[in-house]
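Listed after this line are the structures, all set down as C-alpha cells.
Across the two complexes that follow, chain A remains constant while its partner is chain B and subsequently chain C.
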Partner chain A sequence: MAAATDIQTVNIIVNGIELAVPKGELVVEAVKRLGLEIPIFCYHPRLKPVGMCRMCLVETGMKNPQDGTIRMMPKPAAACTLPVSEGLVINTESDALKKDRKGVLEFLLINHPLDCPICDRGGECPLQNNTLFYGPATSRFIEQKRHNVKAYPLSDYVTLDLERCIQCARCIRFTEEISGDSQLAFRFRGNKTHPITFNETKFTSKFSGNVIEICPVGALTNRKYRFRARPWDLQTSEAVCLNCSNGCNIWFDHRAGKVVRINARTNEAINEEWTCDKGKFGHDYYNDEKRLETPFARTGDELQKADYATVYAKLLEAFHGDNTGMILGDSLSNETYITAQNFFTGQLGSHNIDYRFSANQAKGASTVDNSIASLELAKTTLVFGTHLADDLPIVFLRVRKGWFNQGTQVILATDRSDEVSEFAAHTLVYKPGTEATIAKAFAGQVSVADAAAKCGISEPELQAAITAAAGATVITTTSLNHEAAEVLKALDGNFNAYPTGANERGAQLALACDGLSALEQLKKAANGELSALWVVGVDLFSVGLPREEVIRALENVDFLAVQDSRRTETFYYASVALPMTLPAEQDGSYTNCEGTTQQMKAIIPPVGQAKPAWRVFEELSIRVNPRMPFSQASEILASAPAFA
Partner chain B sequence: MSELIQLGSHNERPMPPKADELNLRFSEQAIKELEGLKTHYPNLKACILPGLWIAQREYGGFLDGDAIAEVAHRLSRSYAEVQGVATFYSMYNTVHNPGKHKIEVCTCLSCHFNSAYRIRDYVSKKLGIKNGETTADGMFMLEEVECLNACDRAPVVQVGDRYFGPVDEKSIDALLEELRASEESTVVKMADQIVQVQLKAEERVGTIR
Partner chain C sequence: MAILDKIVKPMIAGLGITSKRLGHSRPTVMYPEDKREQFPRTRWRHVLTRHDDGLEKCIGCSLCAGACPARCIYVDAGENTEENRLSPGERHAVRYEINMLRCIFCGYCQDACPTGAIVLRKDFELANYDREEFIFTKEMLLEPALSERSK
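The block that comes next holds the complex of A and B.
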C-alpha cells in the first residue's frame, strides 16, 4: 500500500508496549493493534463516538519528551472519545480499572431487568458477555427496578423492550448517520430517557433491521425471529443475499433445515456490515407452504405428480428446433445460465433464450465503471432515474456515506423525490417519460430552457444542477430509458448502469440472447406460433407485464414447461413442471451488480425431490448427446470463459 | 402523550406524517421571526430551541405532535430529533397541556421548610387538580418544580415569568383571582417574551406583549 507512507503516526505506549499508530486514531481502536480489547457498549467503529456508556474507561498519562518520565492522570478516561497523541500512555488493565468497570456495569444493570432466560439476545448479548468478564457477580440493588413498556412493536420488523435499554444511542446514531432517516431519538431525560420514534409512529426506515444487530442488549429484537430459537440452537452458514443485485454477504441462520433469520456478514467491499430490510426479513420464501416438491405432468385438465423420467421424456419430445423458447428469471445461479445456454442452444438448437422483460433492458447491457466501495470516494454523483434506497439499497448507503463523510455532491434526477433527495444538493423531479430529454440537457444536446419546460422543472434549478454535474459519476439502473442511458454514457464522468435483478449480471455474461427476446417469445406464444416454452425460476405474472397478455401467451403455447421452486401462478398453466432448489439449497455462484462473482455452498437440504436447475439441464443434455456430464457447480463455472 | 409510551395496537402503528400532510399553523409573524432566528446560527439544528419557543407561543402554550412536526418541517430536521429536544427541557410543555396559567410551586429545600407542600395542597384542593394536571376549564395547571433560585422569598410560586413570594393562602387566593380575571395566557406571554429576547431589534415583528 503506497498510501500508507503518507499517514502521520504518533508513538504511544499501551500497557508498557511502545507502538506507532496513525495520528488521531481513537484509543479504543489503537489498542486493537496489540490484540487487546476494551469492553464497549455505545462505541461502534462505523458510528461517531459519543461516550455515553463509560464502559471503555482506561488509565491515561503522558510521557515527558525531555526526561522520559511518565505522569499518569488521576482519573480514568473514556477510550472511545480519546484520540491518540504523541507520548500518550495507556493502561487497559489495572485493579482500579477493574473496579471502575464493575461500577459502570453495576449502574447499567440497575434498571436492566436481567430477563436473559426469555430474551432473544441471550447467548449473543454484549451486556451478558461484558458482565461475565468485567461485572459484579451479584447485585446489591434490592429496590424496585424501573418499569417500562415491554415488547413494543416499533414496526413490522422491530420490537422494542424499553426495560432492557441501556441508552447507548447506537440505534439513534445509526438512523442519523448511516441510513439517514433520523426516525429514532431519545425522548425525555434522566431516568425516563428512552429511544423512540416521533409520537410513537411506525419506524419506517428501509434499513431498520440493522438496529437490531447493533443493539448491545436485547432492547431491539427481530419480530420475525422472536422466540423462534435460541442463538446456540442455530446453525450459522455463510451465504449471499439474492433479493437484489447488491449481493450482500449474510449469515444464514437455520435450524432443522429451515431458515430462521438473516444477519449481516461483514464484507468491506460490498455491504460493510449492513443489510436492507428486504434482504434481512425477505427470506420467507424458503419456508413457503407453496414450495414445489415433486415433478408434475399434465393429464387432461389436471396437473398430476410425476417422476423425473416421465417429465424428461415429455420435455425432449416437445423441445427441438428454433420454434421453441426459454425464459429464465434474473436471480438464478451462473451455473444455471451457463448450462441453460449450452443445452438449449447447443443441444436443442434454439436461440430463443432470454431473461429480460423490459424493452430498455433488452437494448442496453449493464455498464459498470465503479465498484460499490469506490462510490463513496466520488466527488460528484448523479443519481439518474432510479430510487436507490429501493432498487439498490447498499449502493444507496455508499452514496450517502460519501456525502456524510467527505461531502460528495449528490445530484438526483428522478420522477419523484425519495430518500436521496434528503441529502442531495440538487433534486430534479421530472415528469415521467421525459428521461431522454433531461439526459440530453445534461449532455448539452438540448437547450436548458426547452428541457426545463418539457420536463416540468424550473430553468435555474436545471441549469444549476447541470453545472454542478460536470464530470459526475452517473448511477442508474439497466431499466433506464435506453436513449437516456446512451446519452449519459457519453458524458465525461464514470457511468454505471447497475442491473437490479439478483444475478442479472451473470445472466448477461452467460446468455447469448441472440434469438427472440422474452417479450417476443410471449407475443409469438400468444399468437399460437410458438410450439413450446420453458419458463425457469420466474413467475411471469409478477414481472410487470399486462396480465391478459401473459394469460394469452400461456394458454396458446402448445407445451409449457415450468421449472420453479414454488407453485407460482405460472405453474398452474404448465404442461410439465419441475421442482427447483433455492440458492441456499445448492452450490452455486452469483455475480452482483458491480461484477463480483460470489460462491455459495449448499446450506440446507433441498425440499422434496427438488434439483438445481443446472443439474436438470445436464441430465437432459446427456440424454440428447451422451458425454461426461458436469457433476459439480464449480466445474461448470470453470468451463465458462465469461467468468474466468 | 404521557412520559411513558402508551401501548397502542400491536400491529398497527400510525405512519409518521409526510410533509404535505402537516397542518401548518405558524402565523406570518412567526414565520418572519423564524427566518430571522435562522440567521443567528451556523446551522438549522441550533435553531431548534428558539423555533420551539415560537411554536409554544403559536400553539397556545402546548407543544403537541403537530407543533413539533411543524418546527421540524420548517427547520428541515427530523420529527424525532425535535421531539427529543423538546421533551428534554422542562420549560417546553410537551407532556401536559398547561392551560392558560401554569402555577409552578417550588418544592426545594428553603420553600419546603417554609411550607411549600401546604401551599401546594391548598392550590390542589382549591382547583381540584393534582401535580401535573390541568383544570377542566383549561385555566390552570399545577406543577411542582425544583429550585426557582428565590429562597429569600420562600415559599415561592412562579406563574409565567413572574415570581410570587412569600405566598400564603390569602395571597394565593388573590393571585388566582387576578389570573382568572386576566384575558391573557401567561404561558403564551412568557413564550412570546423569550422569542422577543432572542430576536434582534430590527427583526421584531409583533408588539411585545
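The block that comes next holds the complex of A and C.
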C-alpha cells in the first residue's frame, strides 16, 4: 500500500466547503468525507460505476484558476461516474436537484408495483427510503403498470420478481466482477429490459446470496426467508459463520428463538461484505427437528431418555486410561478443545484425543503465512490441490479480486478444473493421487518430462506453469497430500496450508494430538482394541470414511459416548448420548483459517437441556478432581497460552 | 310546627322530585341482559375482516405488529398457492395473534393496515378467567365468511 503522503490530492468545493480529496476519487465517495450522503441505487462501492439509475445527480461546475470565478454546468451530472479533478465545484443540495431527484424517483416508480406490504425487502429497502426522503408523495401515473413475471424461482435460494426490478445492474455486475460466474445479464431493450440467467437456466453461482443483499429493491429475494418475517419482527445479533474455516462475520437474524436468516456483516479483513451460499443459506441445522434435547442412555437395545447424573456416572466408569479415545469434530469452540484436552488427558489419563480423520493432516499448527486480506496483493498465486470456491469461498473471492484489480497471476494445479481455472493463467489438471510428483516438479526435484508423463499433463504446459510460479504464494489446505505439502512449503514464496474445518485452526492450537489420531482410533475400535470411544460434535458417517469401516468401529467398541447437537447416524450406536449447544446458543471463540480468533456470544436460548460441551467437561472434571471449575467461556480462553 | 317544617315538608319535596323523575327515560341499563349502544368510533375488540368473496383481507404483512406500541401482535406469514388460497395476492397470515392483556386499544394497527383487514369494533366484553385465553388467535379474530354468517 502506498503511504498516505504518496496520494495525490486535488482541491474541490462541495456545497461551498473547500476540500482536498485523493485525485480520481468518485464524487459520490468524496462527499462522504463531509458526512453528506448522495442518494444512490446502482452505485456500489465495491463494484465499478455504471451510472444507470441517475439517482445520484449533482450540480457541477469549475473554478477558474486565474480569477477564482465559478462557472456552473447547465445540467446536473451523475456523481457515481464523475471522478474529482482540480477546481471541481459540486452542489448536492439545491431546489433544482430536489426536483431532479423527485423526477428520477417518479420515473423509477412508474413501473414499480408498490406491493411493499408483501415484499420481503419492505422496511429495509433503499427504494422505499430514497422515496421517503427525496421522492414525490404521490404518483401522477394513472395508466396500467408494466406487468411481468413475479416470484420466479431463479435458483433454490433466489427468487426473482421482475416487476420490482429497477435495472440497476448491481446483481449483474456482482456476478461479473466479484464472483466471476457471469451468470446474470440484461435481456431485451427499453421497457422490457430485465436481468436473467442465460436461457433462464438455474442460477448456480456459489455466491448467489450476495445479489439478494445488494439488490436495492425486492427484485431478488431470499427463497428461504420468503415471507418468514419482516425486518421489524427480527432481532439481529453479531455472529460468526461456522460453516467453513473462513469465519465470515454475519448478522444472525432471529425471531422467537429461531434463526430466520443470515446476512453478511462487513469485516474488511475477512469477508468484506460477502458471504457464500453455504454460509448464508446453510444455518437450517439450528431449527432441525432432529435436535438432541435430553441426555440418553442405552438400556438393552433401546436408547432411553436419562438425566445428566446417570450419564455422567456411566461416562466416568467407562473412561480411564489409554485404552479409551475421544474424537472431536473440527467445528467446536476453542473452549471445548481446551477443556476436553485438560479433562481427557489430565483427569482421565488418555492421550487419544484428536480431530484428524485424514492421514495428511499433520500434528500442530499448519503453516499460514498470509492473512486472507493480504492474498489480493500477491503478485503470483499458486492454488494447489484445492477447489477454492468450495473449500475456502472467501479466500477464492480474495484471489479473484487480486486478479481482477491488481492483475495477480494465478496458477492452478488441481485434479479437475473449477472456478479458479476461469481466470487462472495456467491450469494444470493432474491425475488424482499424483500431487506429490507435481509438487516435486515445482521444486525441481523431478524432471518436468517425468512429472508431466506421470500426472497426465503436457510437458510445455507444465514447464510454463513452473516458470510462472517462481516465488508464488502457495494456497492449499491441510488435507493436501503430506509429501506434497512438505515440498511446497520449502519453496521460495509464502506457503499457506489453510485448515478447512470451521475451527480446525483452534483444534490445531489447543489439542496436543500426541496419542492416536481419530482415524487410528476408529481402526483400533474396529479391531475391538478400544474399550470406550467418545465422539464429540461430529457425525462419523459424514467425514468421508467408508461406511462399513465406521459401522465396524462403532459396533466393536464396548462403550460409545456421543455428544452432539443432533440425532446423527452415529447417535443411534451410542451407549450414552449428551445434547450439545450450537455456536449461537453458547459463548465461545473460534479461530478461522488465517488464525484470527473471533468471539461469539450466546444469541438464542439452548434447545432442551443442551449444554455447551466445555461445561460438560468441566462438570465431569470436578467429579474426578474437586476444584473450582470454570464458569465462563472467557476464563477458559484466558487460561490457555496457545490463544494468548 | 317544627316537625312540619323539618320533616314533612322535605319528605313531600323529595317525593315530588321522585315523582317528576318517574316520567323520565332510564339511563341505567340492565347489563348484562341489556347492553348500551357504543359510540360509532369506539375501539374495542379487534376483528379480521374479509372481502366480499370470502377471502381474507389480511396479507400477513406485519405492519400492525410494527406499529403496535405495546408489541402485542404476532404475525407469521405464508405463501398462497392455487390449492390453498386464503387471501388475494401472494401472501397470507398463517398465525395472527393479539395479546389482549397487553393491548392498549390505541387503534394504530387499524391505521397501519394497508388492506383494512384489522379493525377495532364495539365488542367490549373481553374479561376472562384464564390468562391463556387472552391470546386471541387468528381463528378467534377472523369474522365468519358471508356465506356462513347468514346461517
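As a convention for this text, the second predicted complex is superposed on the first by the 638 of 644 C-alpha atoms of A that agree within 3 Å, B and C clash if a C-alpha of one lies under 4 Å from a C-alpha of the other, contacts with A are read in each partner's own complex, and residues count from 1 in each chain.
Everything that follows uses one rule, which is that a residue touches a chain if its C-beta (ideal position, glycine included) is under 8 Å from a C-beta of that chain, and two chains touch if they have at least 3 such contacts.
All values reported here derive from a predicted model rather than from experimental measurement.
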If chain A is used to align the two complexes, do chain B and chain C fit next to each other or clash?
fit
Once chain A of both complexes is superposed, is A:187 in touch with chain B (first), chain C (second), both, or neither?
first
In the overlay, answer first, second, both or neither for which of chain B and chain C A:85 touches.
neither
Is A:458 touching anything from chain B or chain C once the two structures are fitted on A? First, second, both or neither.
neither
With the two structures laid over each other on chain A, which partner does A:149 touch: chain B (first), chain C (second), both, or neither?
first
Touch check for A:631: first (chain B), second (chain C), both, or neither?
neither
Could you tell me if A:229 is touching chain B, chain C, both of them or neither one (first, second, both, neither)?
second
Touching A:123, do we find chain B (first), chain C (second), both, or neither?
second
In the superposed arrangement, does chain B or chain C reach more residues of chain A?
B
Using the superposition on chain A described above, determine whether A:196 touches chain B (first), chain C (second), both, or neither.
first
Once aligned on A, the angle formed at the Cα centre of chain A by those of chain B and chain C, in degrees rounded to the nearest 10, is 90
State whether A:204 touches chain B only (first), chain C only (second), both chains, or neither.
first
Smallest separation in angstrom, by C-alpha atoms, between chain B and chain C in the superposition:
12
Please write out, lowest number first, the residues of chain A touched by both chain B and chain C across the two complexes.
none
Can you tell me which positions in chain C touch chain A when the two form their complex?
59-63, 65-66, 75, 77-79, 89-91, 114-115
Show me the residue ranges of chain A that touch chain C in the complex, using the header's touch definition.
115, 117-118, 122-123, 150-151, 226-230, 232-233
Which part of chain A faces chain B closely enough to touch in the complex?
148-149, 152-155, 162, 176, 181-189, 192, 194, 196-204
Can you tell me which positions in chain B touch chain A when the two form their complex?
1, 3-8, 10-11, 13-17, 65, 68-69, 72, 77-81, 83-84, 87-88
